[in-house]
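There are structures below to look over.
In the two complexes below, subunit A is the common chain; its partner is subunit B in one and subunit C in the other.
Take a look at the complex of A and B:
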């Protein structure tokens, strides 16, 4: 007989007069690996918060481990022993793995810390899942995969029976994800329940027993293994898939065109002295399969730290990508990380355009005319808002429009689709397509391909063992099924370069 | 009427203007209140003295505001003031031409600024620690230049005329009926106000305080900009050192003691956020005036020094608290 571990029964939840969850129904069984596919992000934060903190409900009940833990009629509030693992680490930096797992958890009763004894207690847990993480390692030095494993171990040691994994595929490398899935399956057999949240159906299908589809704070449907096929996926993504497929057929740039960026003699773990070229208006995806390579590429791009002749070249001159206005960098989660919240919308918009417009900051007239011109695209009201109060869509648009005004030769984006729902992914695809249409090249550095394939002209996959492998557009069909949109290329084969309706 | 309303709205919508206007309103209230308690507060002579005294706080406030807008702090301000006063006075007592003495002091002060900027910007030391170190170094230099004692009168070797000339220029003479001290501070205020609000460097300073990572990725040279802000701070401190030297006619080893805190207070009262990213020098002007008016007014109504300190301390805490509350509640909408 299956035991229910979590149930949200007709939960309606509101905050400051806004309803985030409406008649929300979800039921998860003990030892299950359940999936949650949010078609948009609305209500997801509220759901994750409710899972742990039992905030007052407008209506409905929440049961955890067979007990009523939250009810619209009940004012008793408690904390549920549930772990949520997401791209933001919940480990305490500066402390070791051992300290995080044992000492910094509620209920650790010992006053004096006996490190040797704790290590002995930890070893069986490490052996159980076959991991060789050192208990003395400082947690900030852990890879994405190791960090998730430590967070899972901490949850297991603390007796948490439900572990929520949110978009882990975006920060765990392709090499490690299979090992992680093995650990998840191992613990699920031991009765620990997992809720795997991902906006990518392909990822959910790889690991989950069934999936709950969520949209606008409601569960739309629950699909079991039999129904988790490609036809369902196409139905779910109806509209979005259409949008992506259209972008597959956009006018391609001439990839034999002018080189705008030359990456010379790059060295990554396992790869030495490799050159890369990016051409005008091209969309290049750089996909490291290993987190160390990913980290080293990102730090090279952002910090500009390269030696001797190695580095980034434009028109034969060595450049610092962060310093030159001929390149633009867009980091992860640009809506949170790429804006200046204390500056006005206009100042944010023009921040990297002052090299194109002389005396920009001195002249009110220039700013006014730019504002007038841009308001045709952005609308006038955004200029009156503080940047902090912009919606996520407006913030993302602001970042990309700033790049448009900067008019660089190349834009380097790091994991642009990470953690975004369909609506935002569609927006980002549109904005990236807009940049390409202006002849601006885009280099996307990502461990998870997400939707990049739909716009990509080339993919460079970097593997510590196999080296760098380059795929042109007509080779995209050779990617495995679980790479988003690879099936479209598999199905269309050679005809991919010609849209049937064009 | 509509256009008048919209221009007022436009002025208030300028970043940091709300806080600056609040500080000006507070200044008027405080000034009128003290004037009612003691009508001498309204006298022309008192106003002139007030303007002269606030000039020191305005100058160090400008320097500290530049640094605070980048999200950092400069604890070496008071010591650089003292070092500048001692160095200038010592050189003059040795018969060095006042202009040369000032140039040497300025170079030494700016060196401290560069060191602060490099430690904070390049080596990413916590600004509190880095400038705490240079605070002791600068104060130590101030002590050592004249063998651990205050200097003699600056005119002792230069002659009375040159000594008086220096003192009058920086402290005792008036231009257009107002003490030169105020005009010097006001001129420096105008220059740095322009630099902060109308130039690319100014925009970079705000950007670093608002989001340092985004600034770096947007092509801002964070190290160079940080050094510039500490240079401004050091420059203003050196000028205050000249003023204190001119006021006393000698170098005092304790000159500028705790001025770094007065500088923080002037900025914070005027709405410069200690968290970085926002604030106007206009607010710092108001903050320095509030600070000096409080000191002056409390003196004139016979309040004890202890009361003065408590009142000022409470105002600083309230100003910072208001900034924190405004930031946390300024339209941040929780995502669902």
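Take a look at the complex of A and C:
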């Protein structure tokens, strides 16, 4: 007999009159590694919140560890011992691994902290999973992988029997992900249950026994091992795959064109004095395989921390990427981090276009004509909206349209597809293709190539041990199967390089 | 303004006069307490404070909370969730009249008439009333004998399967049967269908050990299997497979009827799943053919026999397939008999 660790039985959940989960039915067994594939993000936040906190339900019941913990008939105010691990760390910064695992957990009833004893208590847990994380390490210095391991350990020590992992492949490096999977499998054999949430079916297939497909706050289907094949993947990604294939057939840029960005003498852990070139209209994916390299590249780009001759050059002149209008930077989750909510839509749209249009801020007429021109693309109604009330789609469109008006030579995007559902990924692909068609080069820095591969002309993989490896488009078929879209390159081989109609 | 607040304000308008008077009393008590506290004797103020707090607590727990719960329950009923609990099981009734009203609705929803509203069950009852079962079995046996004499083995087998199917369907009128009996009926039904579809359709039964003895409402699986063939695998190009799997968890028995047929789109799936808990639609439009009648029928019977926490849920994706999941309590014949004896006592 199997033990149901979690069951949402026909849960309907509403917040402020809006229904986020409708007839939501999910059941997870003890020791299982279950997958959750959200085809869109609707209702996912509500589900994660309901997992931990028993908010009043509109209808349905929630069972955790064999007990009814929430029901539409009763008001519950307790919380469930469930850990959710996502890209945002839940560890307390400024504190050590040991403190986070033992001292800060609820129920730690000791008045005097005996570090020696706690270390002794922690050591068997570390040995058990074969990790060498020092208990005294400050948590903010941990790599993505180590941070996830510490959060898992904290959950295990605190007696949490369900651990939810959300999009971990986007912040744990390729090297470490296999080790993480080994740890997950190890604990699942010990009876701890995992729910692995990812928008990438190929990631879920690598680790999970079965997958629940979620859309618009409903579970559409539960696929077991038998159904988790490539045919299902193609059916799931039907509209999206079509879109990606079109991107593959896109007219390729002339990669031998003018160099728009020269990255000179870059030094990363394990790599010294390496030069990179970005050419006009090119799509380059920079994929660090280590979290530290990823962080150092991102901080170099955004903080401009370079000295001597090292750094970024455009037309032979050293430039600060964050300051020049010839380059645009799009960080992670641009809809949340790259807009000014107190400014109007038009001001957000124009604030990097001042170098193109003289006296932009002084002249109402210019602004009016820009508004008229842009309303053909965006529609008129968005100009009347407050930035806060824009939808996620409108916000992302606003960021990319701003870049379009800025018309830089190169755009640097950091993990553009991270945490996005199919609809948003499709939109981002469209917007990036639009920039490339205008002759703007794109450099995507990401640990998970995800969907970038469909647009990419070149991929540079940076490994602390092996150095930097460059792959041109005709070598993409050599990537492993679990890299999204690599199979399309393998299957079609040379035929994808040029579309028959082009 | 927050929708809940709006509702609360609207709800307040419907409150009876005595609650408003009570409210005014609380207000007066608060004012008098404040006056005492700051103008006169501090001890009196403290006593007033205690009285006021107690009165407010009484007001909150005995008036506001029941009212909000009652309001929420009525709203659910308006939206079609006709899941009325047994009268008296919750202290949320505002007045004796509202309690009586709930009792009346409960009786209506749980009456045999409501149970029999679905078409399929009515058809079975009609068959039971109109056909003399022995006449039917004897006739079918006669056809089988003739077929055997004529060397038509397939026809003989088919007739035998049909006789077994009818015997199970219309002879025994009990509500609950064992899972094994239901699965046997499914095998018989599938045997009949295979004469039509040949090897294009196949059916596999996966059952964990010792689960056959547990009870299940009669004719639960066959209508769903029939649906799976008609709406799923029959319409598929290529080979269709239906898997019936029975498993047990610590909370329930789960029976999945899964096919690799054409599946359905998200909207249809949403509508079917909504119908399963929306009994109002069945009562308002019992004859309206909007699909999912067999499923609603089975689901209603499970609800009536075992309670709202059990029932049916459908999963489906276009071109991938459909799974109907049936949740049941793990009850054996012995336990059921004990329960009935207990109820009578």
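In the analysis below, the second predicted complex is superposed on the first by the 499 of 502 C-alpha atoms of A that agree within 3 Å, B and C clash if a C-alpha of one lies under 4 Å from a C-alpha of the other, contacts with A are read in each partner's own complex, and residues count from 1 in each chain.
Everything below uses one rule, namely that a residue touches a chain if its C-beta (ideal position, glycine included) is under 8 Å from a C-beta of that chain, and two chains touch if they have at least 3 such contacts.
Just so you know, these numbers come straight off a predicted model, no measurement behind them.
Visitor: Based on the shared subunit A superposition, would you classify subunit B and subunit C as clashing or fitting together?
Guide: fit
Visitor: Let me test your reading of the model: by the given contact rule, A:7 touches which partner, first (subunit B), second (subunit C), both or neither?
Guide: A:7: touches subunit C, not subunit B.
Visitor: Is A:353 touching anything from subunit B or subunit C once the two structures are fitted on A? First, second, both or neither.
Guide: A:353 contacts neither subunit B nor subunit C.
Visitor: Considering only touches as defined above, state whether A:17 meets subunit B (first), subunit C (second), both or neither.
Guide: A:17 contacts subunit C only, not subunit B.
Visitor: Which partner does A:460 reach: the first (subunit B), the second (subunit C), both, or neither?
Guide: A:460 contacts neither subunit B nor subunit C.
Visitor: Can A:339 be said to touch subunit B (first), subunit C (second), both, or neither?
Guide: In the superposed model, A:339 contacts subunit B only, not subunit C.
Visitor: Examine A:66 and indicate which partner it touches, taking first as subunit B and second as subunit C; both and neither are also allowed.
Guide: second
Visitor: Treating the CA centre of subunit A as the corner point, state the angle out to subunit B and subunit C, nearest 10°.
Guide: Computed from the C-alpha centres, it is 110 degrees.
Visitor: Enter the shortest inter-chain Cα distance between subunit B and subunit C once the structures share a common frame, rounded to whole Å.
Guide: 11
Visitor: Once the two structures are fitted together, what part of subunit A is touched by subunit B and by subunit C alike?
Guide: 16
Visitor: Which subunit C residues qualify as touching subunit A in the complex?
Guide: 2-4, 76, 81, 83, 85, 90, 247-252, 254, 266, 269-270, 273-274, 276-277, 309, 311, 313, 315-321, 323, 325, 327
Visitor: Within the complex, which stretch of subunit A touches subunit B?
Guide: 15-16, 18, 20, 41-46, 217, 302, 322-325, 329-331, 337-344, 347, 351-352, 354, 360-362, 384-386, 388-389, 392
Visitor: Within their complex, state which residues of subunit A touch subunit C.
Guide: 1-4, 7, 9-10, 16-17, 22-23, 25, 27, 29, 58-59, 61, 63, 66, 72-73, 213, 215-216, 218-223, 227, 232, 235-236
Visitor: Please give the residue numbers of subunit B that touch subunit A in the complex, ascending.
Guide: Subunit B residues touching subunit A: 13, 15, 197-200, 202-203, 206-207, 209-211, 213-219, 221, 273, 276-278, 330-336.
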